[in-house]
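One chain, chain A, links the two complexes that follow: it is found with chain B in the first and with chain C in the second.
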Partner chain A sequence: MAKLPLGRNVRGRNDETAAENRRRFAEARLCAVNLLSSPGSGKTSLLERTAERMKDRWRILVIDGDVETERDAQRLRAAGLEAIQIQTHGACHLNAMMIAEQVATVDPAAFDLLLIENIGNLVCPSNYDLGESSRVVVASTTEGDDKPIKYPEAYHTADLCVLNKVDLLPYLPFDVAAFEAGVRRVKADMPVLHTSCTTGAGLEAWCAWLDGQVRATRGEPGKS
Partner chain B sequence: MHELSLAENILEIVEAERAGRRFSRVHVIRLRAGALSGIDPEALRLAMESVCEGTCAAEAAVEIDAEPRIVTCRRCGATMPGDVGPAACASCGSIDLELAGSSGLDIVSLEVD
Partner chain C sequence: MAKLPLGRNVRGRNDETAAENRRRFAEARLCAVNLLSSPGSGKTSLLERTAERMKDRWRILVIDGDVETERDAQRLRAAGLEAIQIQTHGACHLNAMMIAEQVATVDPAAFDLLLIENIGNLVCPSNYDLGESSRVVVASTTEGDDKPIKYPEAYHTADLCVLNKVDLLPYLPFDVAAFEAGVRRVKADMPVLHTSCTTGAGLEAWCAWLDGQVRATRGEPGKS
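Let's look at the complex of A and B:
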């Protein structure tokens, strides 16, 4: 019996494809944002609200991942965005190869912002780099305030945390300070935005953050 | 589901090694899972069993070295074990602590003949 040292990254093929995606996005000056959350936290709603505020300013493409159905892409087309649906038929995360395949069907230089709605799952998607420029974890008040420390993978890899459904705070035993302390324990410098897709609260700040991401990708100064 | 696709990736890498190095049987597959790799070792072992059936790795023992979660102090740099860690740093008392660890999953080595 012989021992073969390997030192091989099990996700190597994904990570190489993600690096290629990142190169392609940079070439096209396309800002790619990957949204992670558990099912139902409001990713699609947030994109619908984003469409209302941003679609006349930037050319936006959405790639929407779900286990089954075209529903979310249809919702986003109804909101005026170009949207591609990926149905994984069971797989619990998007991978870089799925993104590469879809990006090959469009001209990436024809868009300024690519919004990727990942499969609703707080574990698996966190460990699959898609080639995005930034990653957002969307939490919601109905999930409970302990999720950052229970699902640290998603929070540890994100650049921004959006706490959605803050309109429901009066009705829920959700401790915002405990939630934010949990976020900081997992990732010390992560900014947290509070939003409500129902009342519109906080959406200006969210769109300003996105705007900053697009401008940074295009090498433009911060404020319009 | 997650573990199933990882098991397929592992087998792909093992099969590619076999083509290059001409071994016929894999006895041990040794993996290292980072503290933030999101891997359930038991689920990965089960997935490996089903994915490797009828292959050169059908009898292989899957050994997973799962790194423990640690917290680092952002003031003094001390590291402490634990999921979310203590309320304050054990050496300097700072409460500015942050979870640390790798998200990597690697095949460290194979035992073959």
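Let's look at the complex of A and C:
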């Protein structure tokens, strides 16, 4: 079965704009992280917990993508973050032009960390570079342990895998070793963090990883 | 934000082929059901449980869509069903041409029920008519109760909503009333069935619904 061709114009324009976004982020020393996942993996909850732990340390902006509703940005504003909602009204991924348009409404140098919560979709967003510094794929234990090999592109293009909802493991037929073997098969050296937004497990490690990304962007040493 | 335009040629060709599929299914008195959901909602497990209950009553064919791997078709063959795997290698939805191509390899009149397991994606598959008799959106309790209003197209175009993994409700912050209110907001008259493939809850009602679909296609009265 042939891969659905993306028009050269669409992809070319996206990649040019992504390169421009990346240049602007670097100039502003803004660390941009693109979060990909299935619907309902817990990205917004993860960012709420991240806000609690990091909002006094770094100046954080969220760009939140959804097909419909402003719910996620509202939740993140309630958590104390500055948040912009993009509603795509049917479109299945964020693209670099959408990000450029929103970044133009703020001063990028006024922030240290840009968290981009992509549309809940494990297929299409992986094909679109947004100009991010790093990409995170968020899996949840409830999705089953075979997702890395069934949706390899999202895993292959990510720099970090977060396995969320580990508090539910006792109630699920989820094989952590099989999941991690699948991740390694798609991307041999990808780190996997285990988190639960309910119990707080793994959130320190997640925030330490983010902290390292921000410091690297700013040219600072790894530890405060 | 503008809706991503689908080329008129792509959609036109899909809709023509879907109409042709629908004509062939009607001629063969084959009931075709298209199942849509997020990755990991439990569609394959639901079909495994369906096989146990219905494979001696009706002749069932499964067409299984995945980005990569043949795992799901293998699971369904092990459950005693005839199953064809389509691997899209990156494409985010099944289209009517893919279905036509596979249906041409079998005798449609040799089956009573065609179950099409779409790619795990709550956005793109909702835009593609496959020629199905009815469409089912499978939600899982672990995705959160706000998905109907965040991904309205999948819910709006469905004839039935199955809320799966209800056995996990005690461990989740999932509000069933809010979920069902969201479903009604998107499609006022859509029935919602609650199922668990772990405990078996709701599977009789699901199979009764499927049974009604098959009988309606065959022009038989509702109950055996």
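One rule holds in what follows: the second predicted complex is superposed on the first by the 214 of 224 C-alpha atoms of A that agree within 3 Å, B and C clash if a C-alpha of one lies under 4 Å from a C-alpha of the other, contacts with A are read in each partner's own complex, and residues count from 1 in each chain.
Convention: a contact is a pair of C-beta atoms (placed from the backbone, for glycine too) under 8 Å apart; a residue touches a chain by one contact, two chains touch by 3 or more.
Bear in mind that the values here come from a model prediction, so they are computed numbers and not experimental data.
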{"item": "Chain B versus chain C as contact partner of A:N9, first or second or both or neither", "value": "first"}
{"item": "A:L61 touches, of chain B and chain C: first, second, both or neither?", "value": "neither"}
{"item": "Chain B versus chain C as contact partner of A:V123, first or second or both or neither", "value": "both"}
{"item": "Which partner reaches more residues of chain A (counting touched residues only), chain B or chain C", "value": "C"}
{"item": "Touched partner set for A:G40, first chain B, second chain C, both or neither", "value": "second"}
{"item": "First, second, both or neither for A:R185, with chain B first and chain C second", "value": "first"}
{"item": "Touched partner set for A:H156, first chain B, second chain C, both or neither", "value": "first"}
{"item": "Touching partner for A:L168 - first (chain B), second (chain C), both, neither", "value": "second"}
{"item": "Partner chain in contact with A:L81 - chain B first, chain C second, else both or neither", "value": "neither"}
{"item": "Chain B versus chain C as contact partner of A:L193, first or second or both or neither", "value": "neither"}
{"item": "Interface residues of chain A shared between complexes with chain B and chain C", "value": "1-4, 90-92, 123-124, 127, 149, 152-153"}
{"item": "Of all residues in chain A, those that touch chain B in their complex", "value": "1-13, 90-93, 95, 123-124, 126-127, 149, 152-153, 156-157, 182, 184-188"}
{"item": "Footprint of chain A on chain B - complex, ascending", "value": "1-2, 5-6, 9-10, 12-13, 17, 21, 23, 27, 31, 36-38, 69, 71, 74, 83-85, 96-99, 103-113"}
{"item": "Sites on chain C touched by chain A in the complex", "value": "1-4, 38-40, 66-69, 71, 86-92, 98, 119-124, 127, 140, 142-144, 146-147, 149-153, 165, 167-168, 171-172"}
